[in-house]
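The following pair of complexes shares a single chain, subunit A, combined with subunit B in the former and subunit C in the latter.
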Partner chain A sequence: MAYKIIAGFLVLLVALAFHLHMDMIVLLNLSFIKFAMNGLLVLSLIPMLNAGMGMNFGLPVGITAGLIGMCIAVNFKLTGLVGLLISALLGGFIALAFSEVYGRILIAVKGREEIASTFIGFSFIPLMNFFWSLVPFSNRQMLYPIGGSGLRPRIGLNPYFTSTLDQLWSIKVGNFVLPFGLLLVYGIIAGLIHYFFKTTSGKSICAVGENDAFAKASGLNVKKIKLLSVRISLVIAAVGIVVYAQSFGFLELYDAPLMMAFPAVSALLIGGASAKKGTIIHAIIGTYLFQSIYLLSVPIANELLLPEISEIVRNIITNGIILYALLISEKGGRYA
Partner chain B sequence: MNKPILELNHVGKHYGQHEVLKDINFSLMPGKILGIIGANGSGKSTLMNIIFGHQVIKNTGGYTGVIKVDGQRMDVNYEGNATQYGIGMVHQEFALFPKLTIAENIKLGNENIVKDFAKHVLKDYLLIDHKKDQMEAQEKLESLGLEIDASMLVDHMSISVKQFIEIARELDRNHLKLLILDEPTAVLNDKDSQLLITALKKLVKKGISVLFISHRLEEVMCLCDHLLVLRDGETVGYYENGSITLDQLAIEMIGEKVQKTVSNRALDTKEVQMRFENFQVDYPGEALENFSLEIYKGEVLGITSLSGHGKLAVAKGLIGFYPTRGAIHMNGLDITNLTYQEKITKGLYVLCEDRKNVGLLLEHSIGENIVFTAQQLYRKYSKPHFGGLMKLYDKASADKAVSKYCEQLDIVCRSHQQVVKTLSGGNQQKVCLARSLSLEPDILFVSEPTRGIDIAAKEKVLQSLIESNRKDKMTLVIASSELEELKRLCDRIVVLSEGRISAILSPDASAKEFGLAFSKGGSSDGL
Partner chain C sequence: MLKKYQMPLFFFVLSIIGISVSGLSPSFVLNETVNRFVRNGVMIFALIIPIKAGMGLNFSVTVGAMCAQMGYIIAIAAGLGGKLGGVAALSLSLTFAIVFGVLIGHCLNQVPGKEMITTMIIGFLANGFYQLIFLVCVGSIIPVKNTEILLSRGTGVRNLIDLEPFRGVLDKIFVVTLHDISFPMFMIGVVLFFGAFINYLMHTPFGKEIKCVGDSSDRAYMVGINSKKVRIKAIVLSTVVASLGHMIYLQNIGMLNVYTGHLKHEIFASAALMAGGATIKDATVRQGILGLLVFHTLFIVSPQAGQQLFDNPALGEYFRSFIAYGTIALALIVNLKNSETV
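What follows is the complex of A and B.
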């Protein structure tokens, strides 16, 4: 339902953009980049959602793992695809380590995973702030210029791997640029998740999500399966932030990941996911609609209204959609 | 004093098409105790709900007939406010606030206030006179023969004391005329039961009448002035105490139906396949204790009891839904500490009675439900993809298996892709059964296989179970409250009472034997 409203809104924005004579080709190019840039973070929510643990509002935990991976790669001045790959690998391993603790907490608070994950995310950030300011990295470009210790809140990736994926195998037709490499990475990961849910393991996750008493009565180890879904979610989130950062061009540390879960959750809900089940299709539709609206609303609002209004509109959409989805899922009987 | 307190004339009740109570008539004089006896589904609880004005009755279309309390006709539409007629009820599950004191619990909603000053202005905001409350509560407890400080928290009290507190609370209501007790002694040990009986006898001397529902026939015989026996919603007998013996009462309760047993056969060999030793399951409301039993290879064993007496606990304990103690051996192996998954792979499977919450993935298709467990545990119905990197669902082989079971069990559906949620109860049960059979267990535990399904489906389910037992030599353990079905199918029937084995009977045993086994009361060792 939600995606129809949002799609209508998007059509309206596109019409307005035409009316204001904006460069539609540039906007289209950007929409693909924005889509793939945020797409993996949205995909990362799916395994935990399907395991009945709700939306992973603790996304900052996975994101932090990816950030640490990237910091290590930058510290050793790794560039290009090698840098990205090493970042993603390291981030993935760190995410696995985090998920052991994170997953066990969520299993212990069964039934209230969403609120618990929100607060784990919130309390994890200040903890990591200590880490960022104390970690003994040596690359001068990462450190505070004065004093020379502690990481900067914003590390430019320009000399390392900014837009490496965006430009990989990109196809140019006139002004239109299709970021093929970026979309390919997204496509491969989405495809792997899609296939995973067709395997016995994937099916066991769905069964646990739908009815864990049934899963138990079928001899499945419910805790192990939930932990598996947390591991997959966090690893994808860690890889997701690496892809995000290379597009964005900066490594944002400290409080930056704090609110990143909300746009991702919102996008998945717009795509049509329920509070209990989400698919790749939901993620793809939702991410594209959501990011395109973000993309269009800024220049249009700047043109037509106050410059600051776009930020307000964004917040209303992001948080309003989550509220809307909660209302719908409660009405529709979450346990029906 | 010659007017009856409670009078029922032609009281009946339908739940939809199903008639659960037919033409109940009795009257209860002041100061008398009436015992109501009946097996599962005899209509005891429905009768209580009608008299006490439970919401359920009104929501399902009310009842027929006339109930008079103290000569005054009861309003058919009144809602849960039987207290206004002077009726108090003590439910099987306690309705006490654990974090309040005994006195506060007893006086709740009926508190004394410090001063009546400005009563009409302040209304609900007057100060409570705790001292007076305490005193009165203490009095009520003492009148029941219980010496206990009423200022203590209910939380710390034993179950038997809680029972007394409940009764004291009902007594505290002004003009209490009738007290309904639903299985009050089920949670008490012998000594406390005696105490309760003495207290009740004292109570009726004050002119209060008591409706006493119990499965313990001895107690009913010892306490009640009159006995009403219900069976299948009908009155089978109304007796003056002393005009009937315990044995006769047991027969009345179960009914002497002649039933042909299909499985009148002697097992060729009595090879023990499974052995329980002091098995104990902490299933709240259905606990099982000291369960020691040997199950022979190839037999059909029935487990039955009144509801809440443990027949469902064996299965739930095996799955591991509730903590268990004791030892289990199967096929010569000690399987006590194995996970349920390991138990399944060793040849055990349990089919729970709760289809919707435990037995099925309601949002998934028939096919997926049937193959799920075999696929998960044995990697059946899947084939390798990407050179063995991933194992995916193999639709062809799964479809074949699903078709086979759909045909074998007569599952009526549009296609195998139909979502299980949309099936009838009978077909849902068949899907559950198909999944169990697809695992080819050596020993299958089934709980309430025919609950809530139509007659045709019932026969099919039972027939398939027996077929698997005879052809595939699958040992079958059926826990059911349907005694007639068990008598038809089983080689032996274990009867539980209060969570313990009270008898192991042959299906040909008489109604008297079953009746007595069901109602064997009181653990003499005192809980």
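What follows is the complex of A and C.
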């Protein structure tokens, strides 16, 4: 339902962009990059959603793991694909460590995971701010120029791995550039998740999500399965932020990940996921629609001489969609 | 006994450590605490009724804060000042608060068991619309008489509006100074009055209905209470108290940050309430007052303590945010753990 409204809005924006004589080829190029850049963060929500743990508003926890991984890679001045791979690997391992604690807490607050994960994410950010300001890294380009201690809020990745994936095996057709390597990475991870949900472990995750009392009665270890879904979610989120940062060109620390969960959740919902079940297709459609709208709205808003409006519209779409999904998902509940 | 007071005791000990580390003079800290008590006091009481009604923390008190800001902005935009402006701002913000409270209440009746996350999203969404109205619509679609408050491009309200006609009007009434600590007795009275009002309300038949709905909506249904209606009333009341609280806050500050002034109040109020020993299932006025005192004392001293301990005031700032978010997270986890979901 929601995606029809959003798709209509996108058509309107495209028409407006044509009317304002914007370079549609460049916008199309960018739309693919934006899609894959944010895509993995959206995909990371799916395992936990299907395990019945709701939308993972605690996404900053996974993101932070990836950020630490990247910081270590940048500290040792690793460049190119090697740097990216090491970042993703380290980030993944740190995410596994985080998920042991995070997952157990969420299992304990069964049924109210969403509000609990929101606040775990919110309180994890200032905790990590201590880490960023005290960690003894030595690469001068990461540290505050004055004083020489504490990481900068924004670390330029230009000498290390900016756009490494974006430019990997890119295919040029006239003005149009297809970022094949980037889309391939996205495709492989999406394919793995899709395949995973066909295996026994994946099916048991869905079984727990649909009815955990029944799953328990049929001999599944509900706790273990939920923990598995949290692990997968956080690892993908950690890899996702690595892909995001290489496209964005900056490593953003401190309060930057605070609100990142909300656009990702909204994208998945736009694609047609319910508050209880989501698939790869939902993530793909939702991410593309959401990111294209944001991409188009920025130049259009500038053209209209109201540059703030694109951020505001994004905010309204993000939270409007989440609210809409919350309201319809519980219909027929106790008070209805 | 100890369990009941462990949260405020923990905060009290932290505050004492903070005061001794920061090197701030006790009279400064006390002055600031009193000031923050009257500034933030009323907002915290807005949270108590929804908790009693079983809806958890009402993070959409930001909507009430936005109503208060809208009231002030409209009064200033119409060029009203003094008593007339004050009455106009007050009546406008109360009207907005009632309308939006009813809307929020209807939304929350759709999502039993997920009220908290919903109120949070409602707060964010309302913020989006609020920004759209004041940054884009005012001046372009909505005409303004007092063009001084507009940005130089003619569309959108300035970031900062001077509330000169309203600054400190209530704070200056009946101030008693003991040594070098000043007590605005009238405002302390107002905060305590709101507390007493909420306390009284819980002992009226309406309050009993709220408690009954909060305990179990099935039982409420059995005794013939319309839980939906009671819940809507609870949220309307909460939004109204929140908007009054924010009006008091703004006249104390004297400046209106149009786009950021309403943010994070829900977090600080909730955290202060939790610091007073309240849970997301039960809260009392006494816990609110206790929480206000201990939480804000810690807030005052932590940046300076960070400066003294680590030579870096930012660390005290992070500690503050961590305490605010962490207190709520802890309260949620402890309360929801092993509890049967609704």
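The criterion applied here is as follows: the second predicted complex is superposed on the first by the 330 of 336 C-alpha atoms of A that agree within 3 Å, B and C clash if a C-alpha of one lies under 4 Å from a C-alpha of the other, contacts with A are read in each partner's own complex, and residues count from 1 in each chain.
As a convention for this text, a residue touches a chain if its C-beta (ideal position, glycine included) is under 8 Å from a C-beta of that chain, and two chains touch if they have at least 3 such contacts.
Source: prediction; values computed, not measured.
Overlay on subunit A: subunit B and subunit C fit together in the combined arrangement. In the superposition on chain A, contact of A:122 is made with subunit C only, not with subunit B. With both structures placed on the common chain, the touch criterion links A:112 to subunit C but leaves subunit B unconnected. Greater residue coverage of subunit A by touch, when subunit B is weighed against subunit C, goes to C.
Between the C-alpha centres of subunit B and subunit C, as viewed from that of subunit A, the superposed structures give an angle of 70°, to the nearest 10. Look at A:312: by the touch rule set out above, it reaches subunit C but stays clear of subunit B. Of the two partner chains placed by superposition, only subunit B is touched by A:210; subunit C is not. Smallest inter-chain Cα distance, subunit B versus subunit C, after superposition on the shared chain: 6 Å. Within the complex, the subunit B residues that touch subunit A are 319-321, 339-341, 343-345, 350, 352, 354, 357-364, 368, 372-373, 375-377, 379, 382, 385, 390-393. Across the interface of their complex, subunit B is touched by residues 195-196, 198-200, 203-204, 207, 210-211, 213-214, 216-221 of subunit A. On subunit C, the positions that touch subunit A within their shared complex are 56, 107, 109-114, 116-118, 120-122, 124-125, 127-129, 131-132, 135-136, 153, 155-156, 217, 227-228, 231, 312, 314-315, 318-322, 325-326, 328-329, 332-333, 336-338, 341-342. The touching residues of subunit A, when paired with subunit C in their complex, are 57, 105, 108-112, 114-116, 118-120, 122-123, 125-127, 129-130, 133, 150, 262, 305-306, 308-309, 312-313, 315-316, 318-320, 322-323, 326-327, 330-331, 333-336.
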